[in-house]
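Two complexes follow with chain A in common, the first pairing it with chain B and the second with chain C.
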Partner chain A sequence: MKKVFLKGIKGGTGTTSIVANLACALRKSDEDVIAIDLDPKSDLGLHFGLSWEHTSGWSNYLSFESALDEFHIDDDGVIFLPFGTLSASTQRTQKTIESAQQLQVNDNAWLLFDCPAHQDLQDYDLSSHDIVLEVINCDAICHSLIYRRLLQLNQSSKKWQHYFLINNYNSASELESDLLQIWQSETPLLAPVHINKDEVIKESTAFRNVAVNCAPYSVAYDDFETLASWLVTRAADND
Partner chain B sequence: MNEFSVKKSNILTQYDIDNLLSRFGGKTSSYIEIVDVQKNNQIIEKYPLLSDVSRSCEMFDINMNTK
Partner chain C sequence: MIKHSDKKSVAERLFALILSVFFTKKIVRFIFFKFHSYFNHHKVSAIGAILMPFVLLFISLFIKLDNNNKKRIKIKLRHLYPHVSEPISTPANIIRVLLQSLYLAIFKVSTKHQPTETVIKTSTRLFSRIFTLLAFVDRKLTRKCKRLWLRLRIGSKSKSYQRVRKATIWNSKFLKIALYFVIAFAVFVFITVPFSLEAQAIYISLILIVAYSLRRVEGQIATITMITLSVTTSTRYLWWRFTDTLNWGDPVALALGMGLLLAETYAWLVLILGFFQTINPLQRKPIPMDSDTSKWPTVDVYIPTYNEPLSVVKPTAIAAQSIDWPADKLNIYILDDGKRPEFAELAKEIGVGYLDRPDNSHAKAGNMNHAMKYTDGEYIAIFDCDHIPARSFLQMTMGQFMNDEKVCLVQTPHHFFSADPFERNLDNHRKIPNENMLFYGLIQDGNDMWDATFFCGSCAVLKRKALDDIGGFAVETVTEDAHTALRMQREGYKTAYINIPQAAGLATDSLSAHVGQRIRWARGMAQIFRLDNPLLGKGLSLVQRLCYINAMLHFLSGIPRIVFLTAPLALIYFNAYIIYAPFIAIFLYIVPTLMQVKITNSRVQGKYRYSFWGEVYESVLAWYILKPTTVALINPNKGKFNVTEKGGLNDTARYDWLISKPYIVLLLINVVGMCYAVFRLLFGDVSQIGVLLISMIWVSYNIIILGAAVAVAAEAKQVRSSHRIKANFPAAIRLENGRTIKVKITDYSDSGVGIETISEHPCRENDKVELLMSRGKKQFSFPTYICNTRKNQIGLTLRDLDLAKQKAFIQCTFSRADAWIDWQENFKHDRPSYSFKHVFITSLRGFTNLIYHAPSQFKPFIILMANIINFVVSLLPKKPIKYYNQYD
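What follows is the complex of A and B.
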């Protein structure tokens, strides 16, 4: 299985939207995708059309095995598991990550994890094949946080494949284009693709769907398709 | 009658690419990055927070160690 962990470098970067859209973009390339919500906000399901009244998820069960009924499948064939309403310890979350890898699915399936921004990835037992996409926005605080993270990664003994992924990029903003210029030429570990600001992403959520389905000719659709292709290439390099 | 100016483009041959790589790419690199360092410095100097981060990171040599 190919594991991708997506987390915001801070709150509100749009990570959950990326998980949902990326999952659908991969599905459209006939990849098997399982998306697991590790964030207590538990709103990943809403992007896949899960009813608002449905609040339970894996955290409401004593074990992962007993939570199998909480797996859902959306119209595109993305399998997803909501977080639920209870809190979960780091150990419990780690156990969920390990158990998800034991699922009886295609060996080439993608496991996408929507991680909370506050969670330290050092707490998870990640391997060198695991890909971490840390979602950033083009602002000065993210710039500061990127370099703090680089210092932390430099000193860490754990080696996963870490990338910074720009979301919600507004090319009309002088500050954002300045930051993009700096990051693209000087910042290590920047993913070579970025997601442009597009109203379609917010609108599609209001329609209980993803941009990939609602606006197939949008900038957002292109961006998520490019992101999915890049990840397929990265994963192929791992094999 | 209008006279349209045509911008001529040059396509690099494999010989040109090999020459550029041997001059700027080093022995193991298979690509060359062109960075406008002066422009980047101007951008960094424009924003106090970016200047602050840049000065601190020079001490840790982040670019050299992680890229």
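What follows is the complex of A and C.
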């Protein structure tokens, strides 16, 4: 099973929308995808079209096995698990991650975890095959935060594959295009794919759907498709 | 009636008296009644009015002329004689009636309606059956020949044959020389042995059969076979002309005949050298650079300019900055001979160097020599100010220098993104290969095989050390580029040609500018021929000399072309037998040789030049390069450098009478000659009909070629001020509401872009749209406005881009490495018959242009001529109107 952890470097960078669209893009390439919400905001389900009244998730149950009923499947075939209403400790989250790997699915399936921005990933027990995509926006704050994170990663004994993924990139903005140029030439661990700012990502949620389904002729579609294929090659290199 | 008779005059009464001898009173009254009716009422002439009643009486003897009959007869007559209108008895109408009656009598034409399909179908069915049968036979035959040919080739791989080939006995020099002698002797004998007419006929048929069988066979060996056959046939032809066809008896014919013979010798020489030059194009592949960029040399880019507008030079300078090369090793300089302050400002703004000099001596060469004093790059790349380089230019070319120290020049093709005068005025753009495609696509590649590539003034890189060795750019001639390359090759350096276009520029704007440019090249080449003759002097190998000579000979085609265009008139006007041979001999020698040569040329030049267009190009230039080349051959130092204008705009469609005067004069001479020939054919000596016919065929061919040349002078209207370039690469747009759409760029210019969407789009005119284009990993966004939309296509204009955005735009469009890569791929292989048809249609277009654009003094004359022609045509018999018989 291939595990991908997505978290924002700070709040509000658009991580959950990336998880939803990426899941759909992978599904379009006939991959088996399971998306699990580890963020107490519990909004991953909303991206997949789950009604707001449906609030329970894995955190409402004591063990993972009893939470199997909370798995949903959307029209494309993506299996997702909402967080729920109760809070969960780090150990419980860690247990959930481990139990997810025991699920009776295809060995080649993808497990996408939507992690909260405030979570320190060192608390989780990640292996060297795990990919972490830290979602950033193109602004000066994220620039500083990237370097903070890089320092942190150097000092820690991290084992996982860490990448910074740019979201909401607006090429018309001078600041953003300059920053992107700098990051592309100087910043290590930058993902070669970035997601452009596209209104359809917002608009598709109004349709209770994802941009990949709603706007096949948009740049967002291309970007998520490229992200998906890049991840596939990353994972293939791991094996 | 009684009242009427009271007013009769004396003449009438006398006439009535005479008539009453023959006819009854009633009939006499009838005659007078009809006469008055016709004369006064219908305004028919007196004679007609007198005759008509008698005609009616005559007819009434046979047919009962009551009302019903009259009506039916009238209707039928109207159908049978549709072009005759009231009044009937004008002279013109009488002629019409007579001719139509003859026509109806001779050709049985029915007035009943026949469904048109059957008539057409029966005739065309027969033709189409014959055609399909011929095509079937043709396919089977060529396939059989192809198989036979392949079997021969496979046979050549057999062991015994290989053993003979590889035998070391061939290494003996003595044997080689002996073999060459034997072959040369055999060739000489073969060429000079005179054939009787029957033998010639058989020989020619064999040659043509071989040519036919090799039609579908591809491959180098078949081409070489065809070339060999052409060489032998044309050499034999020339020998025959020299020995057998000069009329020593008649001094006029002798003089004219010698003139024609010299022209034909020139054509033969150019043909042979051309075959030799292009027999094996090298198609050199670019060599990649070393991955260690610290070893890369420094390059200066020169952009010489004189009087071109800023808008033309700016994209070139910006694109030059974007060439893929370490920035510290790349220096760009605008060399401004016009010393314009706005150019200095532009250079400062963009961040490139600017050089000017106190004087303007020696034009471009002097400019560059001056610049060499102030720059020190190891290599110099030169771009004309309108040639926008692609980013991969240096990557493609510098590898040759790194690989071989002796290389001093790498040249790339000159490609045009705008239409040259031929393409624009004849509407040929991208439909047939243009004039310089032959040179850059085939000839330079062939030159490269023999290490005889020469510098063409732009889109090339030169080694500075080589230039220093020869003392800088050559300034003695007006084509300093070819002369510089010649000098460098004499010093022992090598040159290279990469047949991948890395830049594109503007073609000449108008026919006069085009001719002016060619005059300069022709003069320069003639100057080089006199001042630094490649046949003499040291430093060149034999093949290099021949290649240079061929390039120069090409520009001496003025006189031979004029000779060819006027030669048949010698027979028609002066009755001078310039080819002193019986009609059959001429037919057997000339026609097959021409056909064979045309077929071989078509095969060799296939994608680069279509048949018969070469003659058109030559005819357009012939008169103009005549004088400069002759003057330059005699006195090479006369004549000045006139710069080619670039970047102008034609705002009206007009006809360039000044430029086309020579062609019109030649055309007139030929047309008058044709009429005179027809006259002689009908009324002259019967024995000369054969040669007259041949001359007439030649004259009509000349008329077609000249007509096409005349057509070029009609300048078409240029609508856009910036030229559009076709493209095909992906991009995206972001609308004002934030949505994005993936698009395809279909064309671009320096101020606008044309895009195509996959599905329908919600955009409307004047919407603001962000255009997202990428270059490599960088993505750029450009603010644009929609200027027009159609179902799937949108036109965008860029407005008010700042310098950084302009740079980015050029990087994303003009500078792309694959921008010009399909410059040749659209053209299908040449098909001579289609090409001839195309030239013919162009020629007709030329004639209509002449008439359409005629100056106002001629207009009444033309209208008169048109009216006369209309009138004469109206006299001719017409098909009776068909009508539906309601009883069928």
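What to note about this one:
Simple rule for what comes next: the second predicted complex is superposed on the first by the 239 of 239 C-alpha atoms of A that agree within 3 Å, B and C clash if a C-alpha of one lies under 4 Å from a C-alpha of the other, contacts with A are read in each partner's own complex, and residues count from 1 in each chain.
The rule is short, and it goes like this: a residue touches a chain if its C-beta (ideal position, glycine included) is under 8 Å from a C-beta of that chain, and two chains touch if they have at least 3 such contacts.
Bear in mind the structure is a predicted one, so any value in this text is a computation, not a measurement.
For the composite obtained by overlaying on chain A, chain B and chain C cannot both be accommodated without a clash. When the two complexes are overlaid, the chain among chain B and chain C that reaches more residues of chain A is C. By the touch criterion stated above, A:Asp222 is placed in contact with chain C alone, chain B being left untouched. Once the two complexes are overlaid on the shared chain, A:Gln181 sits against chain B and chain C alike.
By the touch criterion stated above, A:Ala172 is placed in contact with chain C alone, chain B being left untouched. By the document's definition of touching, of the two partners only chain B reaches A:Tyr147; chain C does not.
Contacts of A:Asp198 after superposition: chain C is touched, whereas chain B is not reached.
In the superposition on chain A, contact of A:Leu189 is made with chain B only, not with chain C. Clashing C-alpha atoms with chain C after superposition occur in a single stretch of chain B, namely 21-29 (options considered: 21-29, 39-47 or 57-65). Common to the chain B and chain C interfaces on chain A are residues 181. Chain A contributes residues 170-172, 177, 180-181, 184, 192, 196-200, 202-203, 215, 217-222 to its touches with chain C in the complex. Of all residues in chain A, those touching chain B in their complex are 140, 143-144, 147, 150-151, 153-154, 175, 178, 181-182, 185-186, 188-189. Interface of chain B with chain A (complex): residues 33, 35-36, 39-40, 43-44, 46-47, 49-50, 53, 56-57, 60, 62-63, 65-67. Chain C meets chain A in the complex at residues 732, 734, 737-742, 757-759, 770, 772, 777-781, 783.
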